[in-house]
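Each of the next two complexes has subunit A plus one more chain, namely subunit B in the first and subunit C in the second.
What follows is the complex of A and B.
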């Protein structure tokens, strides 16, 4: 069979069409902000990745609707960095090379975030962090690191002060996982609480592999009168710890007098998992789904519409959602590349998101403590705002 | 009279070809995989080759179940960093000292291990890894504990006469350094296991009682294998902190020991090339599977299970089967 060559006119038309296509492609590429997302999708902290992805998907739908912020579309690539410094290092190099992001959102775990920060600093790509509390992340002089999560100092200071002043606590036992973030939180609490006149009866640390907290609870029961139990651990372990403390009749949920206190680490739904043991638990939350602010009610409604009427967003969902909103806000303010994103972030003051208002200080840390709320778990496992 | 020319060469020509190919591969690989990400993976791969070779000496050749190899890797990493940062040592000197420290720790473990066999030895070595991990976590004054050590620099540049300065701040030179060391270690072990020393170790692996009846001092040779293997693992550890830039105890938890074990088993233990194949496959496979998204780890796990189930001799067994079939087919073709 002979194939006849196309007539010259058709060939010219095809060439023009191809050129137009190439032109439109490069134009479309110009109007895209690439966002690399590094999250633990595997391993014990994978629930961060799962919930984080939900928040990001929802935010993307909203900010990319229509023309997108300032005519730009946000394009996201997820990568599993597994909360591990080595894997996060390899992953961030891969993303930088293959996806060429304008900004990176992540990681959750402090060790992994601290490992990728110098790489991104060198690449001059901003890191927007929403889950690591190690103070060092924004105290190391990085110019491209921004964090919307309160540091261990910010959380621990308020916890220590409120324990002493508002709860009248004079004795404490510190319970914390032996990680960068756990130690930072415990240290800050101890510093503030003892400076105010309180006494720390014991510091009890535990690894992430501990499952049975009965020995720890029994030990605390033998320490005499303990007023507060500041606890810094991931949700799974804190559930078991609260139940063991209740069983040992140490905390209010088990008929004791001690009040368990905690940080932002615990997501919404912790009470339902811990059951009656969590009664009287007072903790910092960065996202309160019961808040009546319009931003929060809209977010709740959109989240339920997308993921199911019975779903309530957690702070992890909210952090991820807020991160994308902040990138979109920076783009609305004229950011078009990594450098201008960094510049717009560094000037952000009082930007409202679901967790509160974000104001970055000179070190890239959000300094607005409106993102910190205290709540107390009631008998029916609902929250009561503490208005502290 | 037997003259030197009558003796078989120590290294047969076919092996020299293999060495040359391996050397050429080490030189070419980072030029082919020319991006920082893939070069970084190559550096990790070279470290893993060292770890797999070291474990294979104890497990594959001497028959001692060692589940604590991550401890020696950690000792190499921490000792080198502490000597450089806290005591101002030169990295290269610290590397030698850190490898020696890991070797000494291996001998310490061997002092107990020579009395144990099989599962008992496995548990004891696992205990050693757990103790080492706990020391790293809790000896905060020296190791910084869980807070970790940050901002670790890569090995310092070296200046060779007549050549420009070689900087290890980029992963190209770093891979050539670690890959070159892995090559040298392979060459050394390859010769060792084909020498009377290797025969002795294999005799211990096959039957310790029979070996003793031949006058082999089992305790001494096991200690030798443990000491040498842990020195090599410590050497690999010296390059980890400079590559990642941070050092935290979690990088050396006991799961890492099982990853090293998997490299040796999947590749094919008791051979020299098997663990190298295992290290390469288990380093690259998870990265190549990244395009599979969330299915990545499932595919990886299934692949490992299938290898262990159907190829107990590892990937090397598959290579040998295929080679045997091909040569049979070629032989049948020639006889026709």
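What follows is the complex of A and C.
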């Protein structure tokens, strides 16, 4: 059987139609913003990744609903960077090569974030960081790094000043993990506290493999009168540390007089884990789920609808959620690629998110301290907001 | 008691408690090495399995199903964790070590322990997730005080259970026929076989005992650890150091080294800073390797295990 070739006019028409179709497909593909997410999904800090993913999933559902921001869809690829500089470095290189993201959200741990920042700077892909406090991240001259998390300087300055002025503390013992973030937080507190006239009796650092904190609590008990104990560590270790300090009758929760203070390292629910030992603990929180702001109540409701009525979002859920909202906001403002995302971020001022308002300074750091809230743990383990 | 004496006594108590925890973890390692001349890289994960078993038994099964009080539930969980460790050891030996032993290859079982470690870590990650579990022992809430000296009920329990476990292991090794046979296998497997001893059975038994001890160690150390699928890894490096300082395969040396490391750690925190713990312990390890490479109780090497 012979198949008659189509007339030339039909062939040309078909070719034009095919080209138009390819063009429209490629245009549809272009209306995607690829977001690489680097989180610790394995290892002792993996609770950051689990909670971060919840926040991102919720935000994606909302921003991608309907046509999406300015007709774009956000497409996310999660990667495990394990809170480790080495793994984060390998992972970000692979993601850049294979996924070709327009932007990267992550990492939570400062050491890992500091490791990937120069790689992304070289690749000219913006890094939106929501959970690292090491000062260097936004003080190294990077043009593609933006951070919505208060730095160790921002948190430590307020902690040190409030310890001296509001609590009347004159002596302190610094407790911190041996990481960039831990050291930065401790350094800032010491600088501000001693400049005001306070005295640091001891600096006690610890590795992430320390399990029993009784020897540390014993040492502190032998240092004489300690007014405040600024503590910078991951949740699991801080729970054990608070319990050991209570057993040694150092802190209020154990019948002592010292007040433990901390920065944004501990998620909502820390008090329930530490129990009565945490009574009197004063800390900075990045997100207060009891806040009555509409943005917060809406977020709480949506979070509970998706993850269960008994769930309360943590600051990790919140700042991951906020990161996606900010990317969507940049897209709404006309960003279509890495360069324009960087440009829109650099101009963002007073954008409301669940943790507060975000205003990026020239270094890419949010300068709006509305994201810092002070709370004190009560006897019944609830929070009392401090009007500081 | 003056301040210095109080500190010395308190940190010594802290050190002995910590040392007992390390000994419980390290004993299984040294036992397997003593009999099989093999390092078990999955030992940390056996400890984690024990900790998770104890956690779920103490906080779910024993309290909610059996209706036991918190203290009784925790005590039951220690025995269940011991049993879980033993069953895990039995399975691992039957499915992995025994077939590899038959091939007569010494390297493959070593690599297999790394594979088992990865398998157990990721299996637990899939089952329990990465968020730390809060495992509180009811005995840890009871603080016993003598003036300014304090320790918890958990410390007493750990020391007592460790002593009982060490005593039972020692008695088993010294006074039972099977224990003597096990020591014979550790000294010369082939000659022991010629005497009618079944080395394969005894090697299997060693793995089961070591795993059971790891399970029990997990139950005791669980309330101290930040309980995640990777929890055991935080103590295993120190346990390896203790086994080397004590002399690989030497039970007495391991016990002595464990207590010593615990006390050194407590006093390092007091006088040098907790950030230097690893430095001090590993300097000690290097010194031991150079000065006494056969361990603290070197002259008794021929009686190891």
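Methods note: the second predicted complex is superposed on the first by the 364 of 388 C-alpha atoms of A that agree within 3 Å, B and C clash if a C-alpha of one lies under 4 Å from a C-alpha of the other, contacts with A are read in each partner's own complex, and residues count from 1 in each chain.
Please note the rule applied: a contact is a pair of C-beta atoms (placed from the backbone, for glycine too) under 8 Å apart; a residue touches a chain by one contact, two chains touch by 3 or more.
It should be emphasised that the depicted structure is a prediction, and the values quoted were computed from it without experimental measurement.
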Simultaneous placement of subunit C and subunit B on subunit A, clash or fit: clash
Touching A:47, do we find subunit B (first), subunit C (second), both, or neither? second
Mind working out whether A:218 is in touch with subunit B, subunit C, both or neither, as first, second, both or neither? second
Given the superposition on chain A, which partner contacts more residues in subunit A: subunit B or subunit C? C
Quick check on the superposed pair: does A:247 touch subunit B, subunit C, both, or neither? Answer first, second, both or neither. second
Check whether A:273 is in contact with subunit B, with subunit C, with both or with neither, and answer first, second, both or neither. second
Using the superposition on chain A described above, determine whether A:178 touches subunit B (first), subunit C (second), both, or neither. both
Thinking of the overlay built on chain A, is A:210 touched by subunit B (first), by subunit C (second), by both, or by neither? second
What is the contact status of A:263 with respect to subunit B (first) and subunit C (second): first, second, both, or neither? neither
Classify the contacts of A:235 with the two partner chains as first (subunit B alone), second (subunit C alone), both, or neither. second
Subunit B versus subunit C as contact partner of A:133, first or second or both or neither: neither
Kindly list the residues of subunit A that each of subunit B and subunit C touches, one partner per complex. 41-42, 178, 207
Can you list the subunit A residues touching subunit C in their complex? 41-44, 46-47, 49-51, 178, 204-212, 214-216, 218-219, 221-222, 234-237, 239-240, 243, 247-249, 273, 275
What does subunit C use to touch subunit A in their complex? 3, 6-7, 10-11, 14-15, 17-18, 21, 125, 129-132, 134, 136, 140, 143, 148, 150, 152, 221, 224-228, 230, 233-235, 237-238, 265-266, 269-270, 273-275, 277-278
If we count contacts the way the header does, which residues on subunit A are in touch with subunit B in the complex? 41-42, 79-80, 84-86, 89-90, 93-94, 96-98, 111, 114-115, 118-119, 136, 140, 178-180, 182-183, 207
In the complex of these two chains, what residues of subunit B are touching subunit A? 35-37, 40-41, 44, 137, 145-148, 150-151, 240, 243-246, 248, 250-251, 287, 290, 294, 296-297
